[in-house]
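There's a structure below that I have some questions on.
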Amino acid sequence: MRITVWNEYLHERTEEAVRKIYPEGIHNCIKDFLEKNGFSDVRTATLDEPEHGLTQEVLDNTDVLFWWGHMRHHMVSDEVVQRVYERVQDGMGLIVLHSGHESKLFKKLMGTNSGQLRWRECGETEIMWNIRPDHPILQGIGANVVIPHEETYGELFHIPDPDELLMISWFSGGEVFRSAMTFHRGSGRIFYFKPGHETYPIYYMPEVQKILCNAVKWAYNPDAPKIKFGYCPEPPVSEL
Amino acid sequence: MRITVWNEYLHERTEEAVRKIYPEGIHNCIKDFLEKNGFSDVRTATLDEPEHGLTQEVLDNTDVLFWWGHMRHHMVSDEVVQRVYERVQDGMGLIVLHSGHESKLFKKLMGTNSGQLRWRECGETEIMWNIRPDHPILQGIGANVVIPHEETYGELFHIPDPDELLMISWFSGGEVFRSAMTFHRGSGRIFYFKPGHETYPIYYMPEVQKILCNAVKWAYNPDAPKIKFGYCPEPPVSEL
Amino acid sequence: MRITVWNEYLHERTEEAVRKIYPEGIHNCIKDFLEKNGFSDVRTATLDEPEHGLTQEVLDNTDVLFWWGHMRHHMVSDEVVQRVYERVQDGMGLIVLHSGHESKLFKKLMGTNSGQLRWRECGETEIMWNIRPDHPILQGIGANVVIPHEETYGELFHIPDPDELLMISWFSGGEVFRSAMTFHRGSGRIFYFKPGHETYPIYYMPEVQKILCNAVKWAYNPDAPKIKFGYCPEPPVSEL
Amino acid sequence: MRITVWNEYLHERTEEAVRKIYPEGIHNCIKDFLEKNGFSDVRTATLDEPEHGLTQEVLDNTDVLFWWGHMRHHMVSDEVVQRVYERVQDGMGLIVLHSGHESKLFKKLMGTNSGQLRWRECGETEIMWNIRPDHPILQGIGANVVIPHEETYGELFHIPDPDELLMISWFSGGEVFRSAMTFHRGSGRIFYFKPGHETYPIYYMPEVQKILCNAVKWAYNPDAPKIKFGYCPEPPVSEL
């Protein structure tokens, strides 16, 4: 299971408060806990690398891709977005984190203006309620996960209905948010997970790590049939 | 459009505080606002009437049925439940209110133990967030509806995934709840709406009345094909 | 209810067999039956007009847009596609017909390579089975609609799960296809309807016309809240 | 992974043609191929055993239950149905085969008259089309599965919308059918799979066996939280 963790990697280099939490960047924090949980083939990629670190070769050798971006969505090239988009359709799993909801990639996969939602940065408490305890991604998770301080996201989140709504978040300021959801596009499985603002140590929380490790296993789909792109005549069934 | 409003009609007769809010019973409050909104054929039915007021004739002449029950679910006869259940499958609209989630009827339609959820009576604030502003039932409703004091319901609500999740509620004590949802069963359209604890004047709120009037129009389906019950052989398509 | 019927309008001018069926173009056939069914404000637009006939003003004055395209999807400008896409998110209804599944617009709304499917042109019989007789779009439609000769479309149709699957088609050559479906994107309601190959007189069939008239009423959503595009901070709930 | 295969076990004892195909009963055919595929703890149970072989102890020690019934649904006791229903809600996986759609158990889980559908016994060809190649249950399955001779089932199948529609079947006589679907109820995962009429050797087909083996793994959910039955007050979140 080959995993690539992508990060725009800005805040950790420019803001002291964030650097203290993630001195090696959010991507390396995620890489670390994945490795501690037994995933042995984890690499990272960041915006400033050539082709943002997401060459065709890297993507062809990635089974599950994590995506964390926030302030530099506009700097991701359309060519790389198209390349990742096509790999998702062909079966690469995708885990979109937090403000990745506003990335070109996620909007292209949703078919909506998914950047649109309410938000507020004031360290409110978030309680994530588990509404699908039967689901593989929530195995080992109890009735809820409490995050002491988080950026607030609120509905209306402009997305199509998810395939599966797994968790709904409560915020102390009055909002709710669909915060853990699955989608599929082509042969690719997509998990959107809301938590992870850069100013709080959320990716160190055991329950968050548990959910993300479960999500990697869920999204892994190496035998997915490839989707042909472009014009596609097909033979009659009698020639099958 | 022929509407019947059913109520177990207990609290309004036995508790002074409730009688003050609904002196003629919750059913008559609902009847009143429906009539003020132009629905001219509204009748009521209550538990203590013969056959709970839901004879076959009444049901055959009902297009949309409201259901409010709380403490006396067990006193509703299985025969009447079966009769209502069959009429729903045949296309009668059904609007289940508040603690009706625990009725025999709703559990039978859900196929789950939908009586199961978290709850607490302490007058918390409920904010209902609109996540489907495109939906006919929410026409004229803004980003949210604030209910100053309500009984708290919290997830996990043991229901199948709804056809459409329209609103998610926030409660000041920390819970969230899927509070406005649609389902279909056979030819019948079902709307579950969470608000309406008997100790608060919730059915007098203009926004609540607006949603319920919209829901009646949405659930109305007089041309629905009837569902045959029992064993059902069918002819080959060539005989159509 | 202001309706615009868009057509790429190619086959009807270049192929004699098609001209015989639709001498004024598919768009005018649709316009005609809509008017006969009581829709009084129907206009048409075609690819060769300036801005493909879909100026901002036309779109701002359109409540429901029909889309028929086939061989010239690539000639529709990205600017017009973006303009229509944004109007859909803002609540304009959209009815995508037949090979419109491969249009830039539909692919952008789906977030998938929805151009991908099996197909075959040999005049097979299509039987469309009604699996949601409770749905407003299928009011007045029986158990199935038989189309004597149609182009065959077959699964796998690369789309996200629809909100509602209304009809499934059977083809004499062995394929099945999800042929009538709803989606919502932002505040816009979308209906995809498979039939309508240009070489068969399908839009003259009463049942097809009935479904499309129902779909116009279903998609009409004039009070839809507008979706803001771009970056969107929101106030705390306490300022509501 | 402890599996129990339940069968009403009638046709194999009373009809010579069926006995030839399944001399030890359908249940033992399923048991055999499961064991050949590495499932080591498989038992069987049949209608005529005490409590139909489904005592509380058997169910408490079953992770995934297969259900095949046809002519004797009415002979299954309500008490056993309730017991199985509760175990499903508590997380036992359930695989309902073929005419099990009309069992008391399945109807109770669906909340509809799911016995209702079109059917015809004349050995038509069934082509099952794979519309979710990304799904774990269809791993290793190609674009379709062809069953040379099967009983025909046709829509309208009176079920709630499934969580996931995995396959749609085509029949040579003109029908279509949703033939592989998932549902969840409480913590239990349910898979309905249409093929398996007793007069054809369908459970010997490698592709059918592959799908059912995949389904067992998918339905296995041993850590599912138990659902409480009955009246259920809950503490405030502050006591969590």
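Things to note:
When the chains are written out, they are named A, B, C and D in that same order, and each has its own residue count from 1.
Here, a contact is a pair of C-beta atoms (placed from the backbone, for glycine too) under 8 Å apart; a residue touches a chain by one contact, two chains touch by 3 or more.
Just so it is clear, the model here is predicted, and its values are computed rather than measured.
Under the contact definition, chain C and chain D share the contacting chains A, B. Relative to the C-alpha centre of chain B, the farthest chain centre belongs to A.
Contact count check for A-D and A-B (C-beta pairs in contact): higher for A-B.
Interface matching across B-C, A-C or A-B places the copy of C-D, with more than half of contact pairs shared by residue number, at A-B. Centroids of chain A and chain B (each the mean of its C-alpha atoms) stand 37 Å apart.
Rounded to whole angstrom, the centroid-to-centroid distance between chain B and chain D, based on C-alpha atoms, equals 32 Å. Within chain D, contacts with two or more other chains are made by residues 127, 133, 143, 154, 161, 163-164, 174-175, 184, 186, 237.
Residues of chain D that touch chain B in their complex: 89, 108-113, 115-120, 122, 154, 158, 160-161, 163, 173-175, 183-186, 227-234, 236-238.
Chain C makes touch with chain B in their complex at residues 91, 127, 132-134, 139-140, 143-144, 146, 163-164, 184, 186-189, 221, 223-225, 237, 240. Touching chain B in their complex are the following residues of chain A: 127, 129-131, 133, 143, 154-157, 161, 164-165, 168-171, 174-176, 178.
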